[in-house]
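Next, two complexes with chain A in common: one pairs it with chain B, the other with chain C.
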Partner chain A sequence: MTGFEVRVNGRTHDDAPRPGQCLRTYLRGHGWFGVKKGCDAGDCGACTVHVDGTPVHSCLYPALRADGKQVTTVEGLATDGELHPVQEQFLAAQGFQCGFCTAGFLITAAALDDEGRADLPRALKGNLCRCTGYRAIEDAITGVKHVEEPADGEAVGRNLGAPAGPQVVTGTARYTFDVDVPGLLHIKLVRSPHAHARITGIDTAAALAVPGVRVVLTHEDAPQRLYSSAQHEIVEDDPCDTRVFDDVVRHVGQRVAAVVGETEAAAEAGARLVRVDYEVLPAVTDAHAAMRPGAPVVHDKDPVEARIARPADNVLAELHDEFGDFAAGLAEADAVYRGTFRTPRAQHAALETHGALAWFDAETGRLTVRTSTQTPFLTRRSLCALFDLPESDLRVVAGRVGGGFGGKQEMLVEDVVVLAALRLREPVKLELTRSEQFSGSTTRHPFTVEVEVGAKADGTLTALRVHVVSDTGAYGNHGPGVLFHSCGESIAAYRCPNKRTDAYAVYTHNVPSGAYRGYGLGQVIFAVESALDELAHRLGIDPLLLRERSAVRDGDPLTTASGAEEDLLIGSYGLDQCLDVVRAARAEPVGPVPGGWLVGDGAALSMIATAPPRGHFGEARLRLLADGTFELSVGTAEFGNGSTTVHRQLAASALGVATSRVSIRQSDTDLVRHDTGAFGSTGVVIAGTAVLRAAEAMVGALLGAAAERSGVDVSRCALVGRGVDCGGRVVPFSELAAGEPLTTTGHCDGTPRSVAFNVHWFRLAVDPGTGEVRVLRSVHAADAGQVLNPMQCRGQVEGGVAQGFGAAVAEHVDTGADGAVTTAAFRQYHVPTFADVPRTEVHFADVTDPLGPLGAKSMSESPFNPVAPAYANALRAATGVRFTDLPLTRDRVWLGLSRD
Partner chain B sequence: MIPAPFDYTRPTTVEDAVTALRAGGAGAKVIAGGQSLVRMLQRRLVRPTLLVDVGCLSRMREVVEEPDHLVIGATTTQHELLHDARVRAHAPLLSLVARHVGDPAVRHRGTLGGSVAHADPAGDPPAAVLALDGEIIVEGPRGERVIPSAEFFVGPFRTALEPDELLVGVRVPKMGEGWTVHYEKFRLSAQKPTLLGVAVMVRRVGDCFTDAHIALANSGSTPVRATAVEVALVGADVTEEAVTKAADLLDGTMEPFARQGVSQAYLAHLARVLTRRAVVAALSW
Partner chain C sequence: MDLNTVVEVRDPRVPGPWLPGDAWLAGGTQLFSEPQPLVRRLVDLTRFGWPPVTLGGDLELAATCTIAELSRFGRDSGLPVAELVEQCCRAFLASFKVWNTATVGGNLCNALPAGPMISLTAALDGVCLLRTGGGERRVPVVDFVRGAGESVLTDGELLRSITIPEAALHRRSAFRQVSLHAHGRSGALLIGTADTGFALTITAATPRPVRLDFPTAPTAAELRSAILGTVTDWYDDIHGLPAWRRHMVLRLAEEIREELA
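Now for the complex of A and B:
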């Protein structure tokens, strides 16, 4: 091939593409990192670019065909330093959260004609967003403005923009893989084709003979040490059952070996040639079957060392508790409902896949791991324990993280890059494909939940029991945590004197389950909220009234079947306001409905603790810089939830300065001493509290320094915008910066904890002919305490609702008889698109929480939880059919109707 | 995600393309828009030894108007089908269907010929071409050949094309007086592939159906004509009852190609409901 030439954003590249190369990798290889990989299959739109002005999926575009063409990536949208109008609009509406999909949306939006703008559901069909729920994107494209200008002293409660906004819309935000590391080697993984097998031999000769293959790493190279891929503050909370590479494989897709090559092609070619001999062992892929006597044992390990409750029975963890007397309570009831509910595996589907790079600093010899993680500090601790490294020799840092949803509270790639880097002493990278993400990372735990609930005729609950079986898959990781949490706030949300829980997290030879938005709560809430609704129908009382009568009230203790949790209380209460929102919405007239369609409405509520139990530590540091601005360092990560925006607002507010005077660094183990990280909805409540404390300490330090400098008593000193007024004379911050360095630190240990509430309500219309369901109205009321950034909090709620909606109506990871994932692409596993997601009216309760920073509560995981049961309850009202198995796809709805 | 090695050629005439295909033998594969093929190459679901890129063959990109027909070049994109005035005027069913193909970026690259030659039983354009009684124009070492669409689709992803033949165009009759069309596409969610597609062309004179062409996508190993329904409609009154009665003749024995986890009963039911709705919608076109 000669004479190849392509113009990209006005620059010419004339090196010919590699054979078979797509335009996406060609562009990224030339440093155009704004072009993202979300799927490499033309399904997600993250790699969309213009070729001669026309949008194309660059992953499906042979690079050779770009010869002689003009290519525009997001980096080329701006001209002469002026942002393209769509870039301005995405900034003004904040039409993004993690921002990983944003470049694709911008490129698609920039090419829209009037017809496309008039039909966005169709025009945006090729672009997926997992964070926003699309309303913010719609607002951006239609020119709605939300972002306010920053001003001194009024930061909190305002719609201020995300600090990274300008980088996100110009494609210059640097995500995990958007770095150019010279000499980078590439890792490809060999994965198991068997559900359960012992490896009897691995022949790496053919792989090593591939030019460019440097090493093949197998279980013989991996530490013997066991660990958990789950990342928690207390290591002992999680089972210890995983090896980097094991000599026993326990699910199809488990990693068996890593091939390190000088190019991705060499590593891939090598991976295909690694020959593994397996002794195939019997497998069990059904959680109920796995608990029966004689079932194949998934982990034949010591229960104490591995922290597994009953390894021989495949029971990883269990919970059997009773509060009051369940049987007596049931006997008192005027009506009893008993039902079994099932929720499937689901995928986080963060658009940035898991992946990490590792390299040694040439001068210091220190190892840096750059990874897409929610927990840099915990991951460093896990890596150091695994490889016997002192923490001072390892830095873990995240770039901008392209979505997480719990999936990145897990060490799934970092161990492999460190193993390879330690072996080769060269920089290495491992980036999972979308297909690996489905079959080799983690999923939401599939649950079977039996609920038995009894009530008096007036709706007063007398007995509530849940029996839970959670399929934790081949490795335990979050299994116990998810199980215990699932039976927590879901049960504690209701006043009932007699409660019982029997719950099991069960090993199977399926793809491992893991942390997923809601952490088990959503599965049990689906069951409990459906059951209560059904009970109300049977009692002939309004389901909303039953909830109002039975839900916890302000001042109530929060009791599960295990009793009350020590540090969990109703710090503030807005559930009544949330229920009032739904009551009002419900009273409004129904809009137009297609002829013959059935109409009904339904609601569900959820409660969630504002932080995980047993300690969650946040740390932040604030430093006054020479120019009189402040640098805020926070330990926690952000993956699109907007906590960084709020951190800057909290600091600016305390310091009385505009947010533009506070710069932020984050997600880096070099920044602070220790931080538990971003999970359990802690970004605002815990990390935010740490930030606030650092800022309050800084206020004291500034006043003290100014007093000393001016000789005016500190009681007469006060902050005024960009300096300190010392009895009439203003000492600018920049002057204070010239003196002793001013640095303050803030901590939060995450206890005591409050609760947040969410109520969702749908009005649906159902086509009895096809089972198609249309959302006529969707209303969400949230008690988030004081809302620190309404625009962003609304985005969090809408994104959570959209993800919950996907779980309610569409998403399911399917597996074959051998447990192999059969829906390993977005073409089989459908994340909701713009066209699928209803617009939701979001309302916030007027509440101030005494425990959260400036009265705030968390609003991260929780909007997800009431969505699926509200949908099922509305369907019940419309059709008379109680649907018990998610997702409620059109065929299932039709089947339910035709059985009725 | 890196394709197996292959040779690549970009001929500038149809003759050269045919020569290249012939030389490449069974390992040769044509790439048009690549919207299905590139994905399959990356996953190594297909491993051609030679790719013949027909993107530079200007003859294949033309829409030619004949007295009673439209000849649509194989590399006409879905986007062009949607916007071309002649296609919209004379073969509106193809424009309607193109609207449902992929997303805007895919429609800018994906071609009619590529879709027809790919012969996905759940594909929308093949069903439309079949409903139109289209003809597939093919060039090969033995010259031009015209294959009726009813004989072109022979199985899932299999056609009557010989390995050394190139699909150069699709000829469809111009829509005459009194005809109306509709394409009813049903999916489980917006981005899912077609669970059932119904392409309908009906002609009415007064209160009576005089002609009906109905083809279904994803109701067999190829797109299929709903012959029983067509026969029942011709001569029937234009009433909802008559349409329902005709649509109910779909007996549910059709086996979907891509099941997407749903039951046969549901698909059989959908075929009847959606065919009825599609005919009714065509009447109000």
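Now for the complex of A and C:
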């Protein structure tokens, strides 16, 4: 190939692409990192660019065809330093959360004609966003503005824009892979084709003979040490059942070897040539079957050492508790409902796949791991334990993270890059493909939940029992935590004197389950909320009334079948206000409904602890810089949750300064001593408290320093914007910065904990002839305590509702008889699109929590939890049919109605 | 995605043998969407520079005609089937961006049950012109697709064009599509056409297109009985349960019959 030339954003590149190269990697290879890989298969739109003005998915576009053409990426949308109108609009509406999909939306929106703009559901069907639920994107494209510029010191409670907004909309925000590391080597993984097998031999000769292949790493190179990919503050919360590479494989898709090559192509070619001999072993892929006597044992390990409850029975963890006397309670009931509910495996579908880079600092010899993680500090701890490294020799950083949803509270790639880097002493990268995300990372735990509930005629509950089986898959990461949490707030949300729980997390030879938004609660809440709704129908009372009578009230103790959790309390109570919102909404007129369609409405509630149990630590550090501005360092990660914005608001408000005077560094183990990380909805409640404490300490330090400098008594000193007023003379912060360095630190240990409430309500119309369901109205009431940034908190709720809606109506990771994932692409696994997600009216209760920072509560996972049961309850009201298995796709709804 | 095993993009106008590992490249939207570890050479059909659409009585669509070009042609054509053409373009799971590169021929050659260009050209009596080094043959679209992902193309044979007879362009048509999701992949896609007779083309719900021809408009019972007598295999994948697809086909077929009556 000669004479190739392409103009990209006005710059010429004349090196020819490889024959099979797509335009996406050509552009990224030339530093146009705004072009993202979401799926690499043409389904998600994150890589959209213009070729001669025409929008195309660059992952599908043969790079050679760009010869002689003009390509515009997101970096080229702005002209002469002026943002394109759609960039301005996405900033003004904050039409993004993690921002990984944003470049694709911007480039697509910039190419829409009037017809496209008039039909956004169709025009945007080729762009997926997992975070926002699309309302914010619609507002951006239609020119609605939300972002405010609050006055100095008055940022709390206002719609401050995300600090990274300008970078996100210009494609200059740096995500995990958006760095140019010279000499970077590439890793590709060899994965198991068997559900259960012992590796009897690995022949790497052919792979090593591929030009450019540097090394092949197998179980013989991996540490013997067992660990869990799950990242928790308390390591013992998870079993240690995993090796970097094991000599036994336990699910189709398990990694077997890593091939390191000078190019991805060489690594891929090598990976195809690694010959693995397997002794195939019997496998079990059904959780109930796995518990039966004689079932193949997934982990033949010592129960104490491995922290597995009953390895021989494939029971990873179990719970058998009773509070009161369940049988007696049931005998007292006027009506009893018993039902079994099933929720499927689901994928997080964060648009940025898992991946990490590792390199050695040339001068210090220190290893840096840059990774797409929610937990930089815990990951460093895990890596150091695994490879016997002192923590001082390892730095873990996260760039901007392209979505998490719990999936990145795992160590799924970092161990491999460190193994390879330590071996080769060269920089390495491992970036999973979308297909590997599905078949080789983690999923939401599939649950089977049997509920038995009894009540008196007036709706007072007398007995509540759940029998829970969760399929943790081949490894137990998060298995115990998800199981225990699933039976926590779901049960504690109701006043009932007699409660019983029997729960099992079960090993199978399936793809591992892991942490997923809601952390088990959503699965059991689906069952409990459906059962209570059904019970109300049987008693002939209003389901909402039954909840009002039986849900916990302010001042009540919170009891599960295990009794009370010691540091969990109703710090503030907004459930009554949330239920009132629903009551008001459903009293309003229904509006037009197509002829022959059935209409019904239903609600569900959920409660969630505002932080994980038994310790979650946040740390923040604030430093006064020479120019009189402040640098805030936080340990926790930003993956679109917006906590960074709130941190800036909290710090600026406490210091009484403009938000622009607080810069933020984050997600880097060099910044603070320790931080548990961004999971369990802790970004505001825990990290935010740490920030607030650091800022409050800084206020004291500033006043003290100013008093000393001015000789005025501290009682006569006060903060005034850019300095301290000392009895009439203002000492600027920059002057204070010239003295002793001013640095303060804030900590939060995450206890005691409060609870937040969410109530969702749908009104649906159902076509019994086709199974089609239309959402006539969707209302969500949230008790988030004091809302520190309404725009962002609304976005969190909408995003959670959208993900819950996906779980309700669309999403299921399917597996074959051997456990292999059969839905390993977005064209099979349907993530809700713009057209699917209904617009939801979001209401906040007026509540102040004494435990959270400035009265705030958590609001990240929780909006997800009540959505699916509210949908099923509305469907029940419309059709009379109780649907027990998710998701409720049209075909299943039709089948359910035609069977009835 | 990158196809890293590809070592060459070949110009098919230059004579040469078809080798193992050769693959025809049209728009590339399918080829580049999945790993193709066996492909070593891409043989680039677009180098032929075929005119995308030729209307001279009959309508000839080059295999390399993009969906965007077809859509534009349909909109500007003023033909009675123009609306049907646009409906079928819109039945793609892929968005308008993919239309800019995906081709009519590529959709046929993928031979997926939900391929809307298969639906369109089968319903309009389309005939495929296939070419090998040795010669040409013509195969009706309904016979071109043999099963899910399977066509009659032999190794090295290419799809040159699809010809739609002039009469078909002037028929009345009725279109019905259903998916599990709004603007989603088709679970069933039916097209009825009518002049003096009536024809129903069933796609997406069946592994391959099913065409039912009636000399005169059928009654509801006749149509139902013809469908159930012909279709024995309702397609089963994640885009719809077979029982639902069967039900939807019967329901939509009757809607089409009534619309065209």
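One rule holds for everything that comes next: the second predicted complex is superposed on the first by the 899 of 900 C-alpha atoms of A that agree within 3 Å, B and C clash if a C-alpha of one lies under 4 Å from a C-alpha of the other, contacts with A are read in each partner's own complex, and residues count from 1 in each chain.
Here is the rule we go by: contacts are C-beta pairs under 8 Å (C-beta built on N, C-alpha and C of every residue); 3 or more make two chains touch, one makes a residue touch a chain.
Because the structure is predicted, anything quoted here is derived from the model rather than measured.
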Touched partner set for A:123, first chain B, second chain C, both or neither: both
Partner chain(s) touched by A:769 [first = chain B, second = chain C, both, neither]: both
Touched partner set for A:450, first chain B, second chain C, both or neither: neither
Set intersection of chain A contacts, chain C complex versus chain B complex: 19-20, 22, 40-43, 45, 48, 54-57, 59-62, 64-65, 108, 111, 116, 121-127, 264-265, 268, 433, 769-771, 810, 814, 827, 830, 833, 835-836, 889-891, 894-895, 898
In the complex, chain A residues that touch chain B: 19-20, 22, 40-43, 45, 48, 54-57, 59-62, 64-65, 108, 111, 116, 121-128, 264-265, 268, 433, 769-771, 809-810, 814, 826-827, 830-836, 889-891, 894-895, 898
List of chain A residues in touch with chain C within their complex: 18-22, 24-25, 40-43, 45, 48, 54-57, 59-62, 64-65, 108, 111, 116, 121-127, 263-265, 268-269, 272, 433, 435, 769-771, 810, 812, 814, 822-823, 825, 827-828, 830, 833, 835-836, 889-892, 894-895, 898
Complex contacts: residues of chain C adjacent to chain A: 1-9, 25, 27-29, 32-35, 37, 39, 42, 46, 90, 93-98, 100-101, 178, 180-185, 187, 238, 240-241, 243-245, 247-248, 251
Residue numbers on chain B that touch chain A, as the complex places them: 1-6, 8, 31, 34-35, 38-39, 41-42, 53, 55, 99, 102-106, 108-109, 186, 188-193, 261-263, 265-266, 269-270, 273-274, 277
